[in-house]
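Would you mind keeping the following structure in view while I ask a few things?
Chains: A, B, C and D, in written order; residue numbering restarts at 1 for each.
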Amino acid sequence: MVSGREYPGTPLSDEDLHQGKVLTVERDPNARYAWDTGVAIGRFLAELKNGRIIGRRCYRCRRTVVPPRMFCEQCFRPTDEWVYLKDTGRVNTYSISYLRWDASRVEEPTIPAVVEIDGADKGMGFLHLLSEVKPDDVKIGMRVKAVWKRPRDRVGSIRDILYFKPY
Amino acid sequence: MPDRVAIVGVGHTQFRATSPGLSYKELMFEAATKAYADAGIDPRRDIDSFVCCSEDLSEGTGIFDEYVPDQIGAAMRPVHTIAGDGLQGVVAAYMQILTGAFDVVAVEAHSKASNILTPNHVLALAMDPIYVRPLGAHPHIVAGLEMSRYLYESAANREQCAQVVVKNRGNALFNDAAAYGADLDPEEVLQAAAAFAPLSRLDAAAPADGAVVVVLASAARARALDAEAVWVLGAGWCTDSPALDSRQWGTAEYARLAARQAYRLAGISTPSREIDFAEVDDTFSYKELQHLEALNLFRPGEAGPATAEGLTAMDGDLPVNPSGGSLGVGHLGEATGLYRLVEAVRQLRGEAGPHQLPDVEVGLAQSWRGVPTTTGAVVVLGKEPEA
Amino acid sequence: MGLRRVAIVGAGMTKFMRRAMETGRELSWQASRMALDSCELTLKDVDGVVIGTAPDVFDGVHMKGEYLADGAGAWGKPVLRGYVGGGTGVFSPIQGWYHVASGLFDVVLVVAEEKMSTCHPHPQGAFLSIFDNILERPLEPNLIWIFALEMRRYMAAYGLSKRDIALVSVKNKRNALDHPCAQVAENITVDDVLNSEVMVWPVNRLDVSPVSDGAAALVLCAEHVAKRVTDKPVWIDGVGWHLDSAYWTNRELCYPKYVEYAARMAYRMAGITEPRKQIHVVEPYDPFSYKELHHLEGLLLCGKGEAPQLTADGVTQRNGDLPVCPSGGLLGVGNPIAAAGLMKVAEIFWQLRGEAGKRQVPGKPTCGLAQAWGDLMQVGTVIVLRT
Amino acid sequence: MGSLEHIERVDELGQWPGEMPVNFLYTVGVAGERFLRELKDRGRFLGSRCPDCQYTYLPPRLYCERCFAELTDWVEVGPRGTVEALSVAHQDLDGEPLAEPETFALIRLDGADGLLLHRIKAPAAEELELGATVEPVFLAKAARKGSILDIQHFRPASSGRR
């Protein structure tokens, strides 16, 4: 550190920025996409629409993984077969969120969790939400079960599962 | 003079306007599977480091480098992304091997251009937010402006640019991987609707989807592998000013400087005589001409007439873009330059099939990152480790 | 080992600010110019440039490395932008290292920049796009979810309380009072942390580093140049990086194995066999309070689950046996992502040269380490420096 | 290829939509403040000059990209300039045909080295050539905001001395 040197940079306040004290330019990026779901995730979504959770198995390392993929990241080879999993599992970890995705606050917290799915290998889970439970009552290792949307409301989405609840 | 580095494996998917049956991960897995089979290696055991080339907004993902390792055999390995073209990924791999700390490095790049619903809005985000974007122009206006300046300074004409289109789309008819082979005549190109005049719709390469993986190795490892090595004789990369206001417009300064670095490393003093064929960027027809001059393969103003005379055709003195180029193969986003390198490797191995050139010893692959950038790279490849 | 030695000879940085008036290009120039001035080199002396900058959706510029190039001193020069999410800031000097160690470059300018304030209404919104686009984004996750999930898992695995972890925020924010560039330096207590607003339990507001604008830069050079320009070179003796699987919900989150692998790679290169004895000062990545602890364990500077005790015992204080984040870290100085990582490397550089002013740790340290982390709790980047 | 199974029927193909859910607000920067305020308040163009490189940046920069000097030498340039490159856009950002093609040019303002990109409006824009002299048409002072759009467009210069 060169002592006594003035470090560059001109801090602004929120008011400077929003009340026209400095000049600004706005832009809506209008960056829109549609991602090909492909073989693995396409099938996973189709099975969610059917009310089922499906994984994929690698014969070499003998792991059954979820979310499914057509390749085994451990062995670098194709995975071999589809495996239907249960819609039950265990809470691997959880948190209690007072924030929406855009950092605005909510009064009633949501409970994001990683749920390890029964039928897949230990530690294999995905991100979802817990409900029908008080935040203080959630425990790591707790047994949970998917609560599904009604069949006619399902569209082939991770949100076809409304949430997981204790069972 | 640094030690030589070899290309020991190449692999890629077909290139098509869309790829609806595969996710980007599945495309990458296919290209990687082929490249590793080509090199005869197991990535989980044999590859020391991986380089992926991508830009977040081309993927629609905030930190895309998160999603690259699993499908290329790179989970829990040294992996980094180059936010740049595939040839810039190759130079990153090349340098890693030259340090002596890595023997085998893989480079991946891909395009899922069909998944971008608002491609020109996304590309507009690469323009200066204060002075350029508010004008609301389509970003390809930069190419139209540059073409006007290039034609003015070089005395090349639109007919010569049209001949680039005819040649490259014709060459692509002999490349099974290419998306856009076509049998055209120059008049048809000249009559195409104006897009950013003087640029017509057919002067611009259309995007295509696909993935490419290349494996590089140290000289010692290359010799130990049961793969046909092609050698990196030299590499260079460069950026001119990113701003529209202070860059060179008539000439491709970035390509000139990148080539100078690559030729110096390769010990090449007269490129037009020492290089047998070139895969150069032709994102827009005039860019092939401008790049050939910047690469010192033709003198300023001579690439247009040379093209008209057929010197850059498959049977010409200096075949250019025997693969079909971006005009014929499709523009592959950050994989564009990497696929050109693959083509150069195939030619030097004698494996280019219906578009194989006879008697080639030294080839050049060059990339440009497209509008609005002034960034490009050059790699010179040879059959033997000594130029 | 025979690797070419690479030295750091100069460093510079801007203030870290919630909102800067300067554009990203201007911030880059300010830090770069300061770094060059600090070692009395000029732009003419620079052969190549490395740019480190994290998601384009913060600055709101696609192909941000291109946009920043002239401010980073890359006009007419070879420049690469490497990218490993939050790990980028420590990766960029690693990338500079391979440029120089390859033998192709003698002087490389390494520049890291972030201007997060551009992103509205809040930069956290941009983080939605880092999640899996099909399986996670529909759940509308906030960035802090995943850290809360990881922190909870870490606490459960080792029976830790929030109080144990809050000590990190207290220490780092206090250390930052001595840093002239700091954005959120303050004297707080553990109770202040625990009583601050809960964001995503177990993460409170004061467990989290702020959103920032800023830039930092280093000058790297080959041994023969270093000996000419300074009598206090700081050597890059070890580098390491690893990227774990993108399937973060399939991994054990209580321990950052990718940091351990990156550290082992760097330690092997630097000949470090007993890190706790051989390393005198460390700057692990601390965007959240628990991450400093997590990373000390991954760096093998203590056993699993032992970092909180080390912290409680005062070992990690600036005058402790193993000073940790003497700069004030991201929690105190601020977190312009890539620039924050590079600031950590600059801090070790200053500490080893005895130039850290009021932040100087006692005992004339001769070996230090900086580390960063990023992506979906997935990448570790480690650099070991010695006098 | 690579995988052991593929999608074999088009009705099984799927896409998932998404976007970048943010907006951007850019500061114009230290040099931009000076340039755009001068444009707004006085209808004048200020460049910044590097005396060593003998180069006048327009739009002005805080630093010289060629030698890294801080630029403190502000000079008035233009308002007239020379067309250095021209292109006629027939498509908008969505790739849709423009009802009226629009002409864009790179303009070297008198006294500057840097080039300004802007629209050209002329009765016979297609007859414009490189080398033509053009001049800016500003918004009325009250309507200016300190933006590059305070210049409505350029037009062929009326006759008279530059």
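By our rule, a contact is a pair of C-beta atoms (placed from the backbone, for glycine too) under 8 Å apart; a residue touches a chain by one contact, two chains touch by 3 or more.
Because the structure is predicted, anything quoted here is derived from the model rather than measured.
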What chains touch chain A and also chain B? C, D
Report which of A-C and A-D is connected by more C-beta pairs in contact. A-C
Among the chains, which one keeps its Cα centre farthest from the Cα centre of chain A? D
With chain centres defined as C-alpha means, what is the inter-centre distance between chain B and chain D in Å? 28
Averaging over Cα atoms per chain, report the distance between chain A and chain D in Å. 41
With chain centres defined as C-alpha means, what is the inter-centre distance between chain C and chain D in Å? 36
Which chain D residues sit where two or more other chains touch them? 2-3, 6-7, 13, 15-30, 32-33, 36, 65, 147
Which residues of chain A are in contact with two or more other chains? 10, 12, 17, 22, 25, 27, 29, 31-39, 41-42, 45, 69-71, 73, 101-102
Residues of chain C that touch at least two other chains are 19-23, 57, 60, 70, 75, 117, 121, 125-129, 132-134, 245, 247
Examine which chains touch each other and state the graph shape they make (line, ring, star, complete, other). complete
Chain A - residues contacting chain C, complex: 1-3, 5, 7-14, 16-17, 22, 27, 29, 33, 35, 37, 41, 44-45, 65, 67, 69, 73, 92-103, 109, 112-114, 123-129, 135, 140, 157-159
So in the complex, which bits of chain B are touching chain C? 2, 55-58, 60-63, 65-70, 74-84, 88, 91-92, 94-96, 98-101, 122-123, 125-126, 128-130, 236-243, 246, 253, 257-258, 261, 265, 369, 372-375
Interface with chain D, chain B side, in the complex: residues 13, 20-22, 26, 29-30, 32-34, 57, 60, 62, 115, 117-118, 120-121, 124, 129-132, 134-138, 140-141, 143-149, 152, 193-199, 241, 243-246, 249
Interface residues, chain D side, partner chain B - complex: 1-3, 6-7, 13, 15, 17-20, 24, 26, 28-29, 32, 36, 55, 57-59, 65, 84-95, 101-102, 104-106, 113-119, 130, 147-149
Residue numbers of chain A touching chain D in their complex, please. 10, 12, 17, 22-29, 31-39, 42, 45-46, 70-71, 78-80, 101-102, 156
